[in-house]
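Quick one: this structure, given as structure tokens, is what I'll be asking you about.
Chain nomenclature is as follows: A, B, C and D, assigned in order of appearance, with residue numbering initiated at 1 for each chain independently.
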Amino acid sequence: MTPATQKSRALAIAVVSALAGITATALTLAGALPPHADAAVLVIAFPAFVLGLYLYWMAREGEADIPFVGY
Amino acid sequence: MNEIGGIPLFYLEFGDIVAYFSPFTLALFLLALVFSVFVIVSRPERQIDIAFGADAFFAKDISLAELRFRRFMAIACGLACMGAMVTGDVFDFTLFVSLVGICNVGIVAAVKNHHVQDAAYQYGLVALAGTVPLFSAAAIVVTTTGSLSMLELASPGAPAVPLIARALLVLGVMGEGMAPFYAAKAEMFRAPGAPYVIMCSLSSLLIFLRVTEVVLLL
Amino acid sequence: MIIQKISRVLSNYDNILPLFAGACAILAVVALLSLPLPYFEDQLYPKQIVPGSTLNPYDRGGPPFTRVDIRLQYPENSPTAGYVTAYLTPFSLFLARNTMYMGTTIVAHPGGILDEILYNTRGLDTVVEPTILFISFAIAAYIFHRRED
Amino acid sequence: MIAELLFGTFFGLLLLGIHRKVIARIQRRPGPPVWQEILHMLKFSFKTTWVPATASAALFVGVVLVAIGIWTAALAVVLSGGSLLIVFAVYMLHKIVEHGFGLSSGSPYGKFGGVRSVISAASEIPLFVSVAGIALFTRSLIISDIVAYQEVHGPLLLTVPLAGLAMYLVLLSKMPFGPFSIVESKELVSGYKTEHFGVWRAGLEVCNGLKTYVLLTTFLLVFVGTMPFLFLLVGMLVLVVSLSFVCALCPMLSPYDSVTVQTIIAGLMLAYVSILVVVS
């Protein structure tokens, strides 16, 4: 997998989970969803969002330096 | 004190044994499920050991046969945990707990390491001894109240469960899960194969959490 | 210091079994002291105690192969309690409801034959009990087998 | 709930930064700035990240997700006034996260951190004692019921002070640099966190912030009762500063001694609760 696809995949994870979380919270505030459903969505979406976002802005598009290969 | 872990969301009926999913038991059930999935999908790590007196290190690999057996045991342990988390029957709970104890021994019994096996042997003996208080607790509950259903016993007007039955139940779970006697468990943790040994610890924590609920509920 | 001495004892896993046995013994003494526990007459799973029987206390009472009254915690869950097919695993229930072949498979999977032998009402127990046995056999077999290589 | 989640993460990290700062000032060092832990979290998130060759990949990554997930769930329970038992279950299951972090990489340092976290399982037993003490008075473990009870009868901290103390010790054993934090002791490099670098470590920092926030909120809700939001934050700050004093002035115990001390405390608490049962 090239670095660019890794980066876009991480972005996709972050965006999808953020949208899911925001939708669930908005629906709960509007009264369409019970609060525990919102919590259930966030329990899955928040960790995925955090790691997805971080992996997205960590990932390099271009060629990296030669990595450390061990002793 | 009926809704100690929240109001049950739904009941699963196995004839006379009713499993109930309250927010508390459901959360524990899901956690056991998640870690069972980890056991199934993840390969064991390769533990690095440093050779003393030399500038060298080596990685321990787990053979395929050992991996298969330990994975089987860990999955069985996960299933037993899930059962113990949601069951609403005292005797069924004790059965699941003793299954957890046996599986824990099985997970580390396959490790080729004298130190770990010694610890596993001691632990196995304690798990064996732990079944005595466990089943005597269930026996006392059924003779003094005539029922084994936690939901019935928790409902107002049910005959009181004697304190000694609760104490025996807790002691039995401590024996199976080694709650304060963690020395042996820590030695067992030195075994390679992270997903599997984690299941040992997870199961004992889960049954300990559940027995708290059971004891407060009865 | 006393704490360090206690730590030294606790950290040695050879001492775990004596400690646990001690705890069991103490609790057993407490149990004995609290002994006249009340016997609740209205038992869910009734059992006759026949003092004169040679099988006492394992004598279940009653002549063999006649109807024994079964009492249930949740009668509404098991309308068929007391029948051999009172508890079916979800798979066998599916078979029984949708096909005509259940009768040929009832002894072919766990939960089927065990129902016939055991209590007729406590289905889940009958599955868990043999599972414990199977697991212990598996461990014993694995360890025995490994000794050879 | 998203707003609370993000606020909880950052405020928890800020509290951890204050914790470090106070410890440093007590020990007459300048110490890092109070927002250091937030910077840490951001810094790690930009670092190059991969999965070590020896690690059990699914567990190595999955445990980070579980770590954040369980504390998100705990926050949801606290906010909705659910069962206290679930919050404590999450607290205990955090231990599994520590094992997962430590053991999944194959590194000896991580492994020792994980093994120590197994040993220190005794730190949870005071928790159940305080649960029993609370249940004895409130006849319920639902947080909203406990809060309602305190509105009528006054703070539980005055009614069952020793149960409060047990819970305080539980908080203490999860604070970094404390007498019981043997899992991250410096002879193990960073204990169970050693091999989780880059993004994984940043995820762990998010979990730590959330954990601190949830635990302190729970303590205040359960033992002091409901209060305006600003007071809640001030209360958490006071609690953290007091914890920092304990952490700064007590040496770290050796692993098994730490367990013994915690076990003895648990035994004393058990005796206390049985006295309460007999009296009431």
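What we mean here is this: a residue touches a chain if its C-beta (ideal position, glycine included) is under 8 Å from a C-beta of that chain, and two chains touch if they have at least 3 such contacts.
Everything quoted here is computed from the prediction, not taken from an experiment.
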| item | value |
| --- | --- |
| By mean Cα position, the chain sitting nearest the middle | B |
| Selected interface, B-C versus A-D, where C-beta contact pairs are more numerous | B-C |
| Whole-Å gap separating chain B and chain D, where each centre is the average of the chain's CA atoms | 23 |
| Approximate Å spacing (C-alpha centroids) for the pair chain B, chain C | 17 |
| Whole-Å gap between the CA centroids of chain A and chain B | 33 |
| Chain D residues counted as touching two or more neighbouring chains | 66, 70, 73, 77, 259, 263 |
| Touching two or more other chains - residue numbers and ranges from chain A | 36 |
| For chain C, residues that touch 2 or more chains besides their own | 10-11 |
| Chain D to chain C touching residues, read off their complex | 254, 256-257, 259-261, 263-264 |
| Partner chain C, residues of chain B touching it in the complex | 13-18, 69, 72-73, 76, 80, 83, 87, 89, 91-92, 95-96, 98-99, 102-103, 105-106, 109-110, 118-119, 122-123, 125-126, 129-130, 132-133, 136, 140, 142-149, 152, 159, 162-164, 167-168, 171, 174-175, 178, 181, 183-184, 187 |
| Complex contact set, residues of chain D against chain A | 1-2, 5, 45-50, 61, 64-70, 72-73, 76-77, 80, 198-199, 202-203, 206 |
| Sites on chain A touched by chain D in the complex | 21-22, 25, 28, 35-36, 38-39, 42-44, 46-48, 50-51, 53-55, 57-58, 60, 64, 67 |
| For the chain B and chain D complex, residues of the former touching the latter | 1, 3-6, 22-24, 27-28, 31, 34-35, 38, 41-50, 59, 179-180, 182-183, 185-186, 189-190, 192, 194-195, 197-198, 201-202, 205, 208-209, 212-213, 216 |
